[in-house]
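One chain, chain A, links the two complexes that follow: it is found with chain B in the first and with chain C in the second.
Here is the complex of A and B:
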């Protein structure tokens, strides 16, 4: 009975403590003021002329979008504040649903901002990316409900998730376009996958950790569209610390308890 | 030879698109464009068919009273709600506010909650793995512990040291293993593709 109570009660207790930690003001700040990722992003954004055209590949998944949502919103707010033309396209059903939700939110909170052009949903995943690459390069037309021309695109922002992320854009779109920088905002679980592309320069900038996202939100300038930016929407630092420490303690205790018998000789099986 | 038809078709299409990427030729680009349009249409049809298949299977489960009736009802009810909201007369389709509300108020929070529950279920799974007393599980959990410690969002010199260590781990051990896997998979796909195109099967070895 006691084991069962522990087995059921411990996760519930952990969730309650995590929820409480999210509500308590801790004074902790997860933003990294010296973030190289943010510096790289600022350089790319600074090179954009006011009135430039940005294509957003919006394909996060509903499971991890909460992690990057405040950063994505701040990025959209900053682009709106500079009067930059933003077009949004999705290649996954999840991404399409979330893109529409963000577009409607932008229309509601910032009715004076330039409207985000909706290029719609294009099925076909990698094949659709090939078609998009051709449309950006001007070698083919875009087969999307939006049907807008993409030849004037100055920057591509990939909001990625577990279904379709920056790797696919780098593989399928980047070889077909000339010198248009690609940047990515992804959950931290994709960091090992996208980091080599950032190091090679194929991704001009990557925001993929809560620290970098928080650091970007600190320095971003959404201008008159601060409400759109959701600057305070990030995860509470204390909850992150409590969660990580709980995981370390829980797993560490297990390893310490098991490491002796595991590394030693295994008990002989009864062969009778 | 029949079993090679579909892989060979896939490879032929892949080679055509690759050739279009490497060679500037208007005719080749036209053919590649038609193929890509066809692939996109097939993908759209497959997605629609998958949705229809799911609905039929759940409806049959419900009718035959097998499986999980509550889950089947939830799936069918969810599909019906989105379809009604998006297809009713006067609706704005996928961009209709009612569809948006279903997504923002229901689907996103439910999805995020299920994903968040992975936190405790993953920890429990790792404990069970360690309880099996094999060295692979111990190495896995030890690596997870190191990564968790490196990700602690602390400030000051300690935080900077942790961030630098995390960067090194990502760039070298993790990065090299991941790149090795990607390169290995790419080589394997190329070899498999060549064997398929040439009609070389296990019986020829």
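Here is the complex of A and C:
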């Protein structure tokens, strides 16, 4: 009875506490005000002329998109506010579904904004990226459903996930293009993978942690398209803290249960 | 009257509750939801393949100009020979598989060398224009990389030094994997908080 109560009661308690933590104003602020990542992103965006062309490689996965969704929306809102031409392309099925959802949301919430050009889904993973790189460099044509020319691209934004992320873009596209900066917005699980590229300068800017994302949303200027930006869409800091404490508690309990008995005094051998 | 958005929210809320019900041991409805999800994903992938790949990229060009697209006829033949592998001689069905594997390896390896290994090696080289902290960091990264690579030596004759380096490399790799799992846990935690927030805010309308 007690085991069953614990097995069912503990998850319910966790969900209730997480829900309450999201509703209670905690005063905790997840944003990092001195974020170097945000400074680097602001520099790259500031160098864009109004009316520049930005290509968004949109390939997040549904398992991690919740983490970067508010930041991606704010980035799209800021680009729309500056009248920048945005084209969106996906190379994974997950990314295509999420790209269509975001595009439809943008059309619904900001009908006056410049329409996001849909380059569609391009199959072939790495081979597709090579073709994209050639199209941006002007050495080959891209047979995309959107049919738009990519030669005028001024900036590439990679919205990455666990399937086809910034690493693939850096490996397959960047060697084929000249001096077009590539920036990335990724979930924190990709941070170890993308950080070396940021340090080497292959990625001009990376937003890969919720703290950096929240800091960017604080300073971003979506202009007339604030509704598109979803500035308050990030996870509540208190709920994250509660969840982390629960995870640590569960880990500790598991360790004690599995290792604890082996650390206790050994039973004496029966010498009889 | 529930609009389309309201209906979508209701369906999403029910699906979320069913999945969260799996946490509480409710396996039957959770299992049905997994079947539903698998079916929806299969349907979506088929739709995506037909509407965005097969029809516009293969069928339409072949119908428009059948004589001009030799490469598409060739590719279609390779696809058919791969699909008919159980009934064809192994030599015939091996051709498309070999091309697929070879192409994949060529793109991945070529990109890794040009896009990652060479630029990262350049970035980690000790240069006079770097400050001390950066030099220490990049040198440390290079040392860790070498130790982890040595950790993959299995079965080769090794001396005491190499054996120690390989052991250290394996521990470093385990530490790296542990750190990455921590990041992954954080990502999944954000997803859980997001779903709970969806139920409370978008569905129940609390705190909005």
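Keep in mind that, in the parts below, the second predicted complex is superposed on the first by the 252 of 272 C-alpha atoms of A that agree within 3 Å, B and C clash if a C-alpha of one lies under 4 Å from a C-alpha of the other, contacts with A are read in each partner's own complex, and residues count from 1 in each chain.
What we mean here is this: a residue touches a chain if its C-beta (ideal position, glycine included) is under 8 Å from a C-beta of that chain, and two chains touch if they have at least 3 such contacts.
Small disclaimer: the values here were computed from a predicted structure and weren't measured.
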Fit or clash between chain C and chain B when superposed on chain A: clash
Touched partner set for A:110, first chain B, second chain C, both or neither: neither
Chain B versus chain C as contact partner of A:168, first or second or both or neither: second
Partner chain in contact with A:192 - chain B first, chain C second, else both or neither: both
Touching partner for A:127 - first (chain B), second (chain C), both, neither: both
Partner touching more residues of chain A, whether chain B or chain C: B
Touched partner set for A:22, first chain B, second chain C, both or neither: second
Which superposed partner A:202 touches (first chain B, second chain C, both, neither): second
Chain B versus chain C as contact partner of A:98, first or second or both or neither: first
Which superposed partner A:140 touches (first chain B, second chain C, both, neither): first
Chain B versus chain C as contact partner of A:211, first or second or both or neither: first
Doubly contacted chain A residues - partners chain C and chain B: 11, 15, 63-64, 66, 93, 96-97, 121, 123, 127, 130, 143, 175, 188, 191-192, 196, 199, 210, 240, 243-244, 247
For the chain A and chain C complex, residues of the former touching the latter: 7-8, 11-12, 15, 18-19, 22-23, 63-64, 66-67, 93, 96-97, 120-121, 123, 126-127, 130, 143, 145, 167-168, 170-172, 174-175, 187-189, 191-192, 196, 199-202, 210, 235-236, 239-240, 243-244, 247
Chain A to chain B touching residues, read off their complex: 11, 14-15, 28-30, 32, 34, 61-66, 93-94, 96-98, 100-101, 103-104, 118, 121-125, 127-128, 130-131, 134, 139-140, 143, 175-176, 188, 191-193, 195-196, 199, 210-211, 237, 240-241, 243-245, 247-248, 250-252, 254-255, 258-259, 261-263, 266
Contact footprint of chain A on chain C as seen in their complex: 20, 23-25, 44-45, 48-49, 52-53, 56-57, 103-104, 107-108, 111-112, 114-116, 119-120, 122-123, 141, 176, 179-180, 183-197, 199-201, 206-207
In the complex with chain A, residue positions of chain B that touch it: 17, 21, 29, 33, 36-37, 39-40, 42-44, 47, 94-95, 97, 99-100, 103-104, 107-108, 110-112, 114-115, 119-120, 123-124, 126-127, 130-131, 133-135, 138, 141-142, 144-145, 148-149, 151-155, 159-160, 163, 170-171, 174-175, 178-179
